[in-house]
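Following are the structures in question.
First chain A sits with chain B, and in the next complex the same chain sits with chain C.
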Partner chain A sequence: MDKKISVKVCLGTTCFVMGSSNLQELIDTVPRKYGDKVEVEGVPCLGLCSIDWEFSKAPYVKVDDEVVKEATVEKVLSAIDAKLQ
Partner chain B sequence: MSMNSPKQTSHLKREILVRLIRAFLSDNFEENTRLIPYDMRPKGHEVPYRCCIYKEREILRDRAIAGLGASIEETDDSKLLSEVAKEALERTEPDSRPLTVLTTACKGCVPSRIYVTDLCQGCVARPCESACRFGAIKVTDGKSKIDPEKCKNCGMCAQVCPYQAIQKIIVPCENACPVDAISKGDDGHAKIDFDKCISCGKCVSACPFGAVHKKSQIIDILKCMKSGKKVIAMLAPAIMGQLPCTPKQLKQAILQLGFADVYEVAQGADVTTKTEAAEFVERMENGAEFMTTSCCAAYNQLVDKHITAMQPFRSDTKTPMYYTAEIVKREHPDAVTVFFSPCVAKRKEAMSNPNVDYVINYDELGAWMVALHVQVAECGESEFKNEASAEARNYAVTGGVAHAVQTLVPEEIPIHPVIVDGLNKQSIRDLKKYAKNGVCELGNLIEVMACPGGCLGGNATLNAYKPALKQLTNYVNESKSIVDLEK
Partner chain C sequence: MFIDIDCNQTKKYNQNAYGDYFTSKKYQDEAKLIAVLSDGLGSGIKANILSCMTATMLLKFIEGDQIPISKAAEIIMNSLPVCQVRKISYSTFSAIEADEEGNCKIVEEGNPEFIWIRNGEVLQPEYESIPSKTFKNRCLKVYKLKCELGDRLIFCSDGVTQSGLGGGRLKLGLRREGLIVLLQDKLKENPDISSTELSQYIVNQARNIETDRLAKDDISACVLYFRDPREALVFTGPPYHQQKDAEYAKLFANFKGKKAIAGGTTANLISRELNRPITMDTTISIGKLPSCSYMDGVDLVTEGILTLTKTQEYLESGLYDIDNAAGKLVKFLLDSDCITFMVGAKLNQAHYDPALPIEIEIRKNIIKKMASVLQDKYYKKVSIQYM
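Moving on to the complex of A and B:
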């Protein structure tokens, strides 16, 4: 079987405050939608927010190696869909 | 609208606050504040929301004015942000009106009205015509048409249309306000009537343009810390579900921001529970029909401004904030007290309580942590000095206050809680009816929360409702019952 796609939702303080609090639902909805093709988890700070002023692009989500900036549920789902194609 | 739903406007408002806090902590607060709109929209930057970069910057400037705690309406357009920042440093107390409307961001939505869409089939049944009590709708040329002179916006035609072809166009802020305190002025922009406003903050959450802002007191708090004053944090129970960390880590994180000490408002909630339970027993023994709780600040304003007939039924017990602030000021008479609140309404309550100096909301607290790079999950644990009960910590959840009171009311006194889970036009009508008739057929202890879900659903929270509830409930479950704490 192909390698699973990994989705990491950053739950560091900056991402959480800037919106990943509302991405926690992905942790429930992604497995329901994609079954075992995708692995999703909430992770501690990915370190992407601390560079200069990049907090303004938070929340960050990593879909495999791709960084999704200003992530929303829709953006993350379409990043997953693109990888699955 | 779902509780605590994600919004781009919250992102913008928080980004402004982070930048303001960093500007305050920099070596040139005033100039760095002036530059915020230019830093956020530098030359050549994309224009995500408005017609041009100039309008974007102008709106960001206005948002920064609210972040500085000033009134957008009363600040002259020609005034530089650096001057507003300077005035924020000079003021001695926060503005008495907690909300401010940004007219440049208010789109001036089309007036609320009933609108017949192209889906209208000009059918033979024409239920819209028969449903209208004002003769305002008629099928002409194969389509229903509304006579705006006669239409009263009741929406009956929309309800009966078999094609759902008739829509009610709403103005979100007007529609969200339970007391008709916000409305479009003659210029098409929203205005708040502060004689009617109960500071519930529903308009803040409802406006899709983020045009309604609270006036932040964060600069005032930072100023106190900078001048070396002892600033003490008082955390309302809802905070324990807000950030991805334990309550003890949260305390440590707040100490890192520069607070001298941290108290749980649940400590005061235990006093509220005891006092309110005793008051309930006394009232029932004296033959009262019912009593309502009195801890929600928006509800208290509702009663005082719109349902004065409810005043005799509302408990005289003070709020958890009141008792906590009293304890803190007794233990630290020289301290500046800051209440950490999930909603806007508590700002109004704080202004009338000399023991509470400032109020900060959870989104502002979050911005402060971002500004200082505080990682809550990596903080050490700091113990709270005082214990609080499970029931008190659960005040933030709808039904929590009534349950706490019920726990302490002796068995021989019948108690039937009624939960008003959110203020809206319907629940306000119900409350008016209970007050007028002097009786509530559903029960004898009415708990009122302005926000659906209780304080955890407050308009200035950070976390989504479900995970917040889960986290708070864990904390409640590991706490002792008020009955055991008393022993």
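Moving on to the complex of A and C:
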């Protein structure tokens, strides 16, 4: 079995107010859709808003090493799909 | 020593105002506190006004430090008017001035004698009587005592000692002796009981022995407990100079007491420097706050500004037992006596993006507000270290 795809939803202050609170539904929906191929977790902070602030694109989600900016549920799901192909 | 003080009250049944009044103030700089318990004549609104006036005036008199506590109490005693109907004084009071070395000055007029307990035994302190020059039936008792670690002082209104009066089992009421037995039993069962719990216990017991559990008088109990302080540390925000991360992480690790981290970046910093992994709570955050995380050796890990802002709100409005990260932080803070905040001065520019849907406060300001509410409302000892 291949390595699981890791999805990390940033729940730091900036991301949280910019919408990652809604991304938490991924914790429920992703395992239902992909079974155990993908693992979703919240993380305290990815530290991206502080280095990328001039182009603030929060909320951020990391799908393996790929950063999804201005993340939405759809964007994250398509990033996962791309990885799985 | 830390002085754990609290007062609990219940009002006479069918009344909508408390006839006893308790007020206290801590003076952090002088490491002392002043507390006053006053019982107003009668009950309800009238008693409420009388006791409130007596207690607040006495507190103001004493805190000015211009006259000694015994003199202040004497002036009040001599000037309290007499009720036209009952021919007795308008209110009675007990006042205490205590410092963290255990030095206490206590004055009493009309209230039941306070109880001083050391290792389960009741001590009988000496006192000086100052009879009133204007009223024959008034006499001030002035005590000077030296309390030691573990000592407790219990003050109450006559609603406690007279509870159950005329009822079935206790014809003369609970009285001081009955209260002492209750206290000694409770302390044997739970030697480290907090002042909040003990004062609540006294009030509940007093009400329970009243006929039909209806308080026939206002019941108040105030407890002082001299004990070692419970220390807590809250680390929030990354330090201004990143090269000092390791140093601060070490300070954090070496702290003796309970520890909390408020902030994602801060949590990552500690995790990196101390090589301790973080795991986030898998439950989806309820409401408007991110959930907590877990790290070995840290009692609580939360998000930063949003949680702190909410915590400050809860502390100010007196909301406890709320099941979210801020509620947990409130409990963490209130379970401690001495709280140190390590506040990182580094700002995250992204927080001040006008496009953000809510306003994010500056960390320093929230901590300042939180410190003052913890000191003024909850009598905590707070120190803040910026870094």
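We take it that the second predicted complex is superposed on the first by the 82 of 85 C-alpha atoms of A that agree within 3 Å, B and C clash if a C-alpha of one lies under 4 Å from a C-alpha of the other, contacts with A are read in each partner's own complex, and residues count from 1 in each chain.
The rule we apply is simple: a contact is a pair of C-beta atoms (placed from the backbone, for glycine too) under 8 Å apart; a residue touches a chain by one contact, two chains touch by 3 or more.
Keep in mind it's a predicted model, so treat the numbers as computed, not measured.
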| item | value |
| --- | --- |
| Which of chain B and chain C A:Asn22 touches, first, second, both or neither | first |
| Touched partner set for A:Cys45, first chain B, second chain C, both or neither | both |
| First (chain B), second (chain C), both or neither touched by A:Leu11 | both |
| Chain B versus chain C as contact partner of A:Thr72, first or second or both or neither | first |
| Chain C-contacting residues of chain A that also contact chain B | 11-14, 16-18, 21, 24-25, 42, 44-45, 49-50, 53, 56, 58 |
| Chain B contact footprint on chain A (complex, rising order) | 11-14, 16-19, 21-22, 24-25, 42, 44-45, 49-50, 53, 55-56, 58, 70, 72-73 |
| Touch list for chain C against partner chain A, complex | 263-265, 267-268, 278, 280-282, 284-285, 288, 290-291, 293, 301, 303-306, 348-351, 353, 355-358, 360 |
| Residues of chain A that touch chain C when the two form their complex | 10-14, 16-18, 21, 24-25, 27-28, 41-45, 47, 49-50, 52-53, 56, 58 |
| Chain A partner contacts - residues on chain B that touch it in the complex | 4-6, 10-11, 14-15, 18, 39-40, 243-244, 363, 366-367, 369-370, 373-378, 462-464, 466-467 |
